[in-house]
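Heads up, the next two complexes both have subunit A, just with different partners, subunit B and then subunit C.
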Partner chain A sequence: MTVSNPVRGTTDVGSAASGGGAAGSHPVRRRHRRRLTGSSFTPWLFLAPAVLIFVVFKYVPMVEGIRLSLYQVRPFLGDLWVGLDNYVRILGDERFRDAIGHTLVLAFGQTIGSMVIGFVLALLLEGHAKSLWFVRSAVFLPVVAATAVIGEIWRLLFFPAPEGFINSVLSIVGLGPWTFLDSPDTSLASVMFVGIWKGAPYDMVLILAGLAGIDRQQYEASALDGATTPQRIRHVTLPALRPVITILLTLASIRGLRVFTEVYVLTGGGPAGSTDVWMTRVFTVAFERNEIGVASAGSVMLFLITFALTVVVQLYRRRREAG
Partner chain B sequence: MSVADQCDTALGWSTGRSAWLSRSIRIVLSVGAVLLFTGPLITVFSGAFDNNPDPTQLSVLPNKPSMINFEEAGDKGIWSYLANSLIIAGGGLLLQLSVSVFAAYALARKKFRGQALMLLLILTTMMLPEEVIAIPLSLVIGDLPLLHVSLKGTLLGVILPLGAWGFSIFVMTEFMKEIPMELEEAAKVDGAGEFRIFAQIILPLVKPALGVVAVFGFNMIWEQYLLPLIVADDPSDYTLTVALLSLRSDQEVGPGIVLAGALLALVPSLVVYLSLQKSFLRGITTGAIKG
Partner chain C sequence: MPRSRSATAAVALAAVGAVLAGCGSSATPASSGSAPGVAQDPNAPFEVWTRSTEATAKVYTKIFADFEAKTGVKVDYKPIFADFDKQIQQRAASKDLPDLVVTDTGSLGVFTSQGLVGEIDKGSIAGGGDVVERAWNNGKASDGKYYAIPFSTQAMVTLVRKDWREKLGKPVPKTWDDLLDLATAFTKDDPDGNGQADTYGMLVPGTTDRGYLGWWAASYIWQGGGDILKQDGDKFTVAVDSPETVKAVDFLKKSFCADPKLIQPGALTTGTNDAHAFFETGKTGIYETGPYMFGRFDKNLGKDKYEVIAAPKGPAGDTVLGEGENIYLMAGSPRADAQKKLAEYLISAEAQTAGMKGDPTPVVRLPVNSKVDVNAVYNDPRWATTAKVYSDSARPFPSVPNFQPFRQQFSETLNSIFSSCGPDSKGDLGKLAENLKKELQTQGMAK
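On to the complex of A and B.
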């Protein structure tokens, strides 16, 4: 991977420098090194702001979330210990189970869709020409636009009447009119489409970085062996991209599970709950039904699943690298 | 055409003059890709300046150009939403950059007891999706631990939680590790104190990293949705992105006005991206591979 090289180079420089100091052949230098390391108080002074913010706004809420998930939260009356009751209740809720299903479908579809489109884009736009650089920058724009803005744009473009923007475009090629976000049959697919539209250019950038790291001699060798382009993609390009693809899969599946803004803006979970996902459901239970304990149970479950997913992928990667 | 020529890209795009077919296919597909990915954003520009509130009449160029949408959006308080967004972005970014630079200095340039624990503490926050702590976070913001102060409905309530970001600290730490120790040691010999070393030697050398971290930080803050939503006490506390939804639900408001708001929310991210593009793309590749 091209990216890791400068970093590895750095570690070498760092260890060489400290190695020189630790050798102890120059007493003067050693004294300075000890002074440089300084009192053990200084690093904590520099770390204090970060630690303070993390503790107050990440760790306290995390612990508080786990605590709340075990209580029935009653403002002014005091919380009531209910054990795992909240978990039982949220898992027993049919709308929540549906929401988990939608989340999985959405996460899976968006992950695979973004990666396939991103790969196609990367193949199309690979190269050093200035014009290609321009095209790549333009294609990347959806990634930097805020999700809420993109949601509003697509809501208007998806206008379900035959005169809607996308429907007029579709009618040119003899398709449509489609209902998009307005019908339970097409709403989830439409949300997925918007997610892929925003996600694919991001994947493209990472795949392009992977493509740039492939040794050109491998292509030349395969060309000399008479391999066709599809064979070359399959046997040279794809195996070389495996690390990038693993990273993309991990990032995208976690991002997919915690999806909130897209759905909240595009459909708010409707119509008829057809696009309700994990976090929109939790949000509704917490802030509209005011069942903080039950909603916290839902959040804690999502946290455990993303955490487990991250750990499993990390272990798998480490084992692959070791073996 | 040589073999080497076709081995420059995975698909073997030929660049020679004779390969007109391959070239034209590529041009057509590239134009298609640009239209697909920028077309929707262009309709925002035209729609925002179009004096025609009909959602079925979106087009690539405005039919009747005017500023009426912005005037009407102004009556709906769009400028104060924009001000909220900009204050949060500016304040949040300033805090985030300072916190990251300080923390990275300790992590990259010092050896101390508990360093591994600190790294783990920061790494864990990166694995903790913001969404899953949203509910308890809203309670914490309503009643800060020990201080018992409520930040509900204040911009500070959005800014402070964004003040420390694991990604930003890690990128900064990687950059700071690259600075040779000798520089620092020489300054020590010359009698420079801790803060002078930090301010006059380390800071100037990590300027390029500040670009990367700043563009990502801005993007991360501008993207925030759930946090300003749960901190807000009433709709006047909304940021521009959050306000778009309540604008749309307003019966008197047509799509032209929503698009004017969307345009105002879109422009800052485009400006930041286009001016710091290199930093941005470099950050994506390093960030993803590191974290």
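On to the complex of A and C.
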């Protein structure tokens, strides 16, 4: 939602103030909005601080970003208008195209991986026992830990020599040493592993909430009909979790496209650009190559894609709910 | 009901007012420093940045305190520990730069091409005559004009674990062959005697962040007779695909791709801050770096455990990178008089000496002021070695308007060659040469 809202602000100023498309299209509300007096005024006053902060820290920078993407940015010499040239340049940049590929692979892998492991964890840890509560909290820790800290710790764990932590554990069972972040062949998979490790518990919590909403009688009924455990998961649990899964997919794919901190801390995009993702590339172009205009073009493109993705999912959901 | 409603309305109004007031007060200072070449304001804060670690920040703090005592000009000092260039770019984007910064000579190209610094009238700088001409060149841009004032110079030296070398009975490396031989011995012959193969020959900060790998590799490329760009009159040609460069890159590739690797694990994603630890904790034995590391390694490793030598000779000599740090007077400052005063103080013999005596890490490595005697101040043969390397064998990066994009792409290509270990360095460097040619044309320096 946070992604779709700002856009309405830029494309349709009128409905931005009403707080969303669904409310704006409602005939009764619209009539109500015209007389902005008395009782309808106070809510607006309460909203004003938030709206103001949104305008200053979100909408204005976004419009500015779109503007910059059309210029060669030179703060102290005056910006030069280059039109869509920045977009042509960033799309023509081989490393940027590679980065888009890595981003998609990473987003896909992390989304699916987190969800599968989150689902397994949720099935294992569902229940009311005190011990389960403790284990659930422990499992959830990666989600609340700061990403930068996680990155540094995993860099240490992944140390690619035989004396590295994970490699020394692997050597006990006769495996390794593996290269992890050190080789272009394994670096992206290693980053993905950390992403799944961090993302799975989050998915687990949402799925747990979904599991709690399933009527127990359905399980009992299917058990009476002779369904095995896999059959129960396949025909009772999964269909009941469909709304949760839709939300998780939307959130995870958007989060996957915007991934930055993990990658930046773990590898900085290396080695040989093998873990460069969309945002790390934009960051490099902006602050190492000092081409703010080209970097803005990259960000605007990411924004448009995220926006389109959100709209598609919203439309799909609305159609399902209506039908 | 009506009473409570008006009360809630009042609360909401107050909240809006608070937010508005907050925005208003934060917006004012930003607008005052925005226009370039602006009105002077003696009451504006005089903001000074240095690219520092915690240790060097202490030295600067003392120098600035002395300056304040002498002139009454108050310095609002902010040491920046990480991502210096990125933070400068962020401040530039908001048109509110610090007034004066001390950072690498390598930033000159970016700063001039973006208009972040203005031209400096060399003659008007009091004490500028005491600054050696070679140091002044660090502030000279490709158009022959000066845009920065030199503060410190240095040359890359090679640090070797002396105790390891002596234990294995190896000589001080004089040539590339010696170097490779020593690195191999450090990797294979267990120099720390703990019975495990957990030591490595060479330490490389090989990340592409800031183009570090290119920074490190440049000296070796020159020693092999190769180059990134070659000066041809007042223009340049790309030399990154020359046979000598390819050979030098292949020499370096040998250490990255040997079995076992002679370079520390994870080198190609390691930045300098992470790299130092490998040397001081006894993981690697050879480190090509700047003399600013002596203080830290003396403390954490021990002065008697390592030696400082000039770079071992390659096929074309022992050229190393010699750069330094400059004082940049940033554009749009409302305190032009203070900028000049502080710069003049920083190049004075007094401040230069104080900078060299910084403990544990000097902020002035080799002085730019001809009146300061390196040997008298340091009284340390390692610094004498550094001074000799600087005067005999050091050279800077070429003075194109902005070398940064060249270094960045160079290090990205090297990173890719060293990680894939493929056979075709020549092809990869050829592709890089095409891109560098385009960049030369963009900067108007192509022959």
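The definition used in the following text is that the second predicted complex is superposed on the first by the 278 of 323 C-alpha atoms of A that agree within 3 Å, B and C clash if a C-alpha of one lies under 4 Å from a C-alpha of the other, contacts with A are read in each partner's own complex, and residues count from 1 in each chain.
The rule is short, and it goes like this: contacts are C-beta pairs under 8 Å (C-beta built on N, C-alpha and C of every residue); 3 or more make two chains touch, one makes a residue touch a chain.
These numbers were taken from a predicted model, which means no experiment stands behind them.
Residue contacts after overlaying the shared chain place A:P49 against subunit B and subunit C alike.
Look at A:L175: by the touch rule set out above, it reaches neither subunit B nor subunit C. When both complexes are overlaid on chain A, the residue A:G270 reaches subunit C alone and has no touch with subunit B.
In the superposed three-chain model, the partner touching more residues of subunit A is B, compared with the other of subunit B and subunit C.
Once the two complexes are laid over each other on the shared chain, residue contacts for A:P160 go to subunit C alone; subunit B is not touched. Contacts of A:F76 after superposition on the shared chain: subunit C is touched, whereas subunit B is not.
When the two structures are aligned on the shared chain, A:L315 is found in touch with neither subunit B nor subunit C.
By the touch criterion stated above, A:I292 is placed in contact with subunit B and with subunit C alike. On subunit A, the patch touched by subunit B and the patch touched by subunit C overlap at residues 42, 45-46, 49, 53, 56, 155, 159, 161, 163-164, 286-287, 292.
Within the complex formed with subunit B, the subunit A residues making contact are 1, 3-4, 6-7, 10-11, 13-14, 17-18, 21, 29, 32-33, 35-38, 40, 42-47, 49-51, 53-54, 56-58, 60-62, 64-65, 68, 121, 123-129, 131-132, 135, 137-142, 144-150, 152-157, 159, 161, 163-165, 197, 201-202, 205-206, 209, 211, 214, 216, 219-220, 223-224, 229, 232-233, 236-237, 247-248, 251, 254, 258, 260-261, 264-265, 279, 282-283, 286-287, 292, 295-296, 299-300, 302-303, 306-307, 310. For subunit C in complex with subunit A, the residues that touch the partner chain are 5, 8-9, 12-13, 15-16, 18-20, 23, 36, 83, 85-86, 89-90, 92-95, 110, 114-116, 196-198, 206-211, 265-269, 271, 331-332, 404-405, 408, 412, 415-416, 419-420.
Of all the residues in subunit B, the ones that touch subunit A in their complex are 3-4, 6-13, 15, 26, 29-30, 33-34, 36-38, 40-41, 43-44, 47, 55-58, 98-100, 102-103, 105-107, 110-113, 115, 118, 121-122, 125, 127-129, 131-137, 139-140, 144-145, 160-161, 163-164, 169, 174, 177-178, 180-182, 184-185, 188-189, 194, 198, 219, 222-223, 225-226, 230, 241-242, 244-245, 248, 255, 258-259, 261-262, 265-266, 269-270, 272-274, 277, 280-281, 284-286, 288-290.
Contact residues on subunit A toward subunit C in their complex (touch as defined above): 39, 41-42, 45-46, 48-49, 52-53, 56, 73-77, 95, 155, 159-164, 181-184, 266-274, 286-290, 292.
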